[in-house]
Amino acid sequence: MVNALVPETAERTPRARAVRSAVAGRVRHRRRQTVVAYLFLAPVLLFFAVFLLLPLGFALLLSTSRWSGFALGDIEPAGLDNFTGLFADGSTFLTPILTNTLLFALGTVALALTGSVLVATCIDRLRFQGVWRTLYFLPIVTTVVAVGNVWKYMYEPGGLVNGVLNAVGLDSVAFLADPDTALPSVVVVQAWASLGSAVLVLTAGLKSVPESYYEAAALDGAGPVTVFRRITLPLLRPSLLFVCVTQFLTGLQSFALITVMTRGGPGDATDVAALEMYRLAFGYGDWGTASAAAFVLFAVVLAITLAQLWWFRRTGEDA
Amino acid sequence: MTRGRSTGRRGVPWLSYLVVATGAVLTVVPFCDMVMTSFKGPGEAGTLPYRFLPRAFDLANYRAAIRQLDLPALFRNSVAATALITASVLLTSSLAGYALAKLRFPGRDFVFRLVLATMMFPPFLFFVPHFLILVHWPLAGGNDLSGRGGAGLTVSIAALAVPFLVNGFGIFLTRQFMVAIPDEVLEAARIDGAGEFAVWWRIVVPQTKPVLVTLGLLTFVDAWNEYIWALLVSTANPDVMTLPVGIQLLQDHVDPARTTPIVMAGLVLSVLPVLLLFLLLQKYYVRGVMLSGLK
Amino acid sequence: MTRPRRTDGPPDRRPPHGSPRPSRRHFVLALPAALLATGCAAPHRGTGRPGDPIVLTLLSHYASGELKEALRGPVDEWNATHDRVKVRTTAVEFTDLLTTFMVRQAAGQGADILHPYCLWNGQLVRAGVLRPAPAEHAEEIRRGYSAAAVGAASVGGRVYGYPTELQTYALYYNKRLLRAAGVDGPPRTWRELEETAYRTTRRDRYGNTLVQGFGLSTYDDSTTVGQTLALLNAAGGAFVSADGRSTGIDSPAGRAVFGLEDRLVARGASCPGVNVYRAFPSGQVAMVISAGWWTGSLRSQMGADYRDVGVAPLPLPEAGGTRATLCTGFMLGVNTASRHPREAWEFLRWLNTERTAAGKGAVATRMSALQVSAGSLTGRADDMRALLGAGGGKGAARDPNLRPFLDALAYAVPEPNVPGAQRAKSLLRTNIEALWTGRRSVEEALRLTRRQVDQEVARAW
């Protein structure tokens, strides 16, 4: 309901005064709104100042300092020593740690993407899509501690996976104990756990493909493979990009699953950059190198994300 | 539950059923294995040949898990941290989202870009500085004004929640929904003499309830399942240990012959509340994941 | 058994930490204030009120099993007999111990008394966690313990704590398997060791190993690195140089050890993937190098079969060489951040040097008695002789297999404990595993270990 008071007051006052007071009112109103807006934003801005800007500055400071103690007064400037130390001859940061990180992320994305495209296109033809999706969703709402432990147990010699292998006449595999199979084994779990959200995003993408495209293709007598390659895949590009970028981001930085399942072992077969950073800081008290490692990983994450965006944009008209 | 689009096109899609069902089985089997193992007796788990079903459905492992875990404390900590995080994210997101969507003020674009930029920084960048900031929080946990001498915020449950109290994505999400509220509705209320706070509380919040439920659910699940930060804070102060951390600790600890079943029992107990909540509210949750895709 | 943080000391009479949840209903609006208010309770310290006892916290890895029980005895005794100073023990699993020290120290919640693995001493001293022992305590420690124990508890020539649990390495062998292969006694030289290993190895017709001649196991640090370092010491080598700034692994001694292990794996006498802790007790391993604590678990695991187990000093590369082996250990030190260092040292002296009757006429320190009761040793040779000689106590003290470990106290070399030692050990382990799995040759493994460890220990200074 519109208030009738406003036009009334305007009518009663002389025109010039009305304009002036209207302008003054608007200024006052705007100033008041500015104050209110910043009041509403205050908690958020305060938080970002204390828990975003301050930590970033602190991390930058630490990454260029030597600090092996715990007293703030002991922080000494060290230039870029921490960064050069990470890449010095004999340092394990580049290989195997960064390599492991990339392989972990790449493996997860490849598996989750293939799996989710397959499942999403199939679900799209079925009844009760909601029920199916819910099933695929269970791992996502489950804590990583549960996921990691259940799979760790399933990978054991007396666990489910080896039980199935033995039942079909195959030899047992020491999945997590063998340095050659440990990383792929963890990748499978990470992909398993992230399949649900990828399926969800892709089914949404499929819904947006107009039915008429399929009808036209059917009239042309195109087989299902052709339809998939010529119509579904190209139109799914934005969703694929989305899944790709987000899964890569997660894969590059997540180490909770690895902490739970292998603690980076055996040896350093599953050691990834974020885990190494955590260990450098909280195991060895080497805050400087840990912060430097975090920034290097951040640079890698940023570079890979931008590269994906650029690549998708270049190869497709819209992304 | 939409009807499959091509059922009319090509009869029953057997192959698709096969693929989807296989995937679903692969997804669900580990959960079944978890539940089955949680009932297995001593010497039954981890021995060859593998058996899926337990010999008897015995609740002994659950009793052992409850006895060894100090579940009340773990639950209390998890609930407190999760509640604090969820409440704070909802509150700060809807306040900031409203300001960014519906109020006009200098610096709005800048703040909005800042919010978007915060989503860019990965959490691992902040582990070390956040921890040290909490430790050196002035006037807390025995610290002096300069943040030295004590344990800072790490002595309190707040330490579990503090780094997650504001969420850039949450602000972005609520703002996008609040933009869609017609300005006339708000203007009318203002003319009625309602202050901005009243407008926000009486009109904007009720209108954006669905998105707030979605955001709340996403935040709840993430906070409940959070492990790495909770592990760090609990290492500093075991009194604030959360469920995931406690259960992970359990596994190095008990009699090896019964470890696995007891751990599984503990896991079932910790996973159950979230699973139930998800099944009840899955519509909202699914939408949240579609909107964020950040999982 | 309960959660590892469970305490064994006197009931905790401090007020609980600040009630962490704001109690008002609409607490969301009072969030910032609530956050500030929640943290204001003081951390783990005494109440500070005059007249109340000082509470010393002790953090160890004795979280479960025999040692947890064994430590409880003397601590209860102290608390019962001392009114002014009480001791409260807390424990975490060994795998979490170093991280727990570091994180709690960073959080200003470090325990008053720490029980670190001596390998970490360099790191902890450099980070300013450990307090040097006061002169009179240092004197007492130097006088009372074997050289290896004192060395492990010292950094840069300064003593930092009372050595407690001490482990020396020796050769375990299965008498039955050796006899079955026609070998009379345990090997004394590396050549004998290799021959015995090849002769005792048995395979089935599919090529599966039934008996490993010599157990090299990647199971954990002490099986992987411990064995290798013990052999390295026996060959007269050292993992880290005297000044602590470089590694001596890339040396003739190191080459000899890596070469020996490489041959054993290549010729099938060792299967590194097998968990030797499980395989040896079930008679699937003829020989393995391990530490003294294992006698206790073998005794309880193997039952009557334990009579087949023999222990011999570590074989030397050549007959008649100088004996040497590895020694690792723990010590009890005092936190620099402790507000009651004098009381803490006093308690440690009471626990570690005051002699009491330990049953059957043996007189020993409380620490020695508790370690021996759990099947372990301390660096006090006189105590050990008294306790083991008296033949009293439980089965542990009567076990002749403990003798070689005790004798080794005289010649064992402490594990290097320079800053960065834990990292260096992890790097060595990775490279040993790569050698054993055939992914690196002896020369490559030596070169890479040297490069990695040199970089690591240099950075840690």
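We call the chains A, B and C, going by the order they appear; numbering starts again at 1 in every chain.
Here is the rule we go by: contacts are C-beta pairs under 8 Å (C-beta built on N, C-alpha and C of every residue); 3 or more make two chains touch, one makes a residue touch a chain.
None of these values were measured; they are calculated from a predicted model.
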{"item": "Comparison of A-C and A-B (more C-beta pairs in contact)", "value": "A-B"}
{"item": "Maximum centroid distance from subunit B, chain identifier (CA atoms)", "value": "C"}
{"item": "Where subunit A and subunit C are represented by their mean Cα positions, the distance between them in whole Å", "value": "40"}
{"item": "Mean-CA-position distance for subunit B and subunit A (Å)", "value": "15"}
{"item": "Touching two or more other chains - residue numbers and ranges from subunit B", "value": "91, 131-132, 162, 165, 232, 235"}
{"item": "Residues of subunit A whose C-beta touches two or more other chains", "value": "43, 71, 282"}
{"item": "Interface hub residues of subunit C, defined as touching at least two other chains", "value": "31, 95, 99, 103, 106"}
{"item": "Complex interface listing, subunit B residues touching subunit A", "value": "1-7, 9, 13, 15-17, 19-20, 23-24, 26-31, 33-34, 37, 45-52, 91-92, 95-96, 98-100, 103-106, 108, 111, 114-115, 118, 120-133, 136, 147-148, 162-163, 165-166, 171, 188, 191-192, 196-197, 200, 221, 224-225, 227-228, 231-232, 235, 243-245, 247-248, 251, 260, 263-264, 267, 270-271, 274-275, 278-279, 282, 285-286, 289-290, 293-295"}
{"item": "Touching residues (chain side subunit A, partner subunit B) in the complex", "value": "1-3, 6, 30, 33-34, 36-38, 40-41, 43-45, 47-48, 50-52, 54-56, 58-59, 62, 71-72, 115, 118-119, 121-147, 149-151, 153-154, 156-160, 162-164, 166-167, 192, 194-197, 200-201, 204, 211, 214, 218, 242-243, 246, 249-250, 252-253, 255-256, 259-260, 274, 277-278, 281-282, 287, 290-291, 294-295, 297-298, 301-302"}
{"item": "Subunit A partner contacts - residues on subunit C that touch it in the complex", "value": "31-32, 95, 98-99, 102-103, 105-106, 123, 126-129, 218, 273, 419-420, 422-423, 426-427, 429-430, 433-434, 437, 448, 451-456, 459-460"}
{"item": "Residue ranges of subunit A touching subunit C (in the complex, touch as defined)", "value": "43, 46, 68-71, 74, 85, 88-92, 174, 177-180, 263, 266-268, 279, 282-286, 289"}
{"item": "Residues of subunit C touching subunit B in the complex", "value": "1-5, 17-18, 20-21, 27-29, 31, 34-36, 38-43, 45, 63-64, 90, 93, 95-96, 99-100, 103-104, 106-109"}
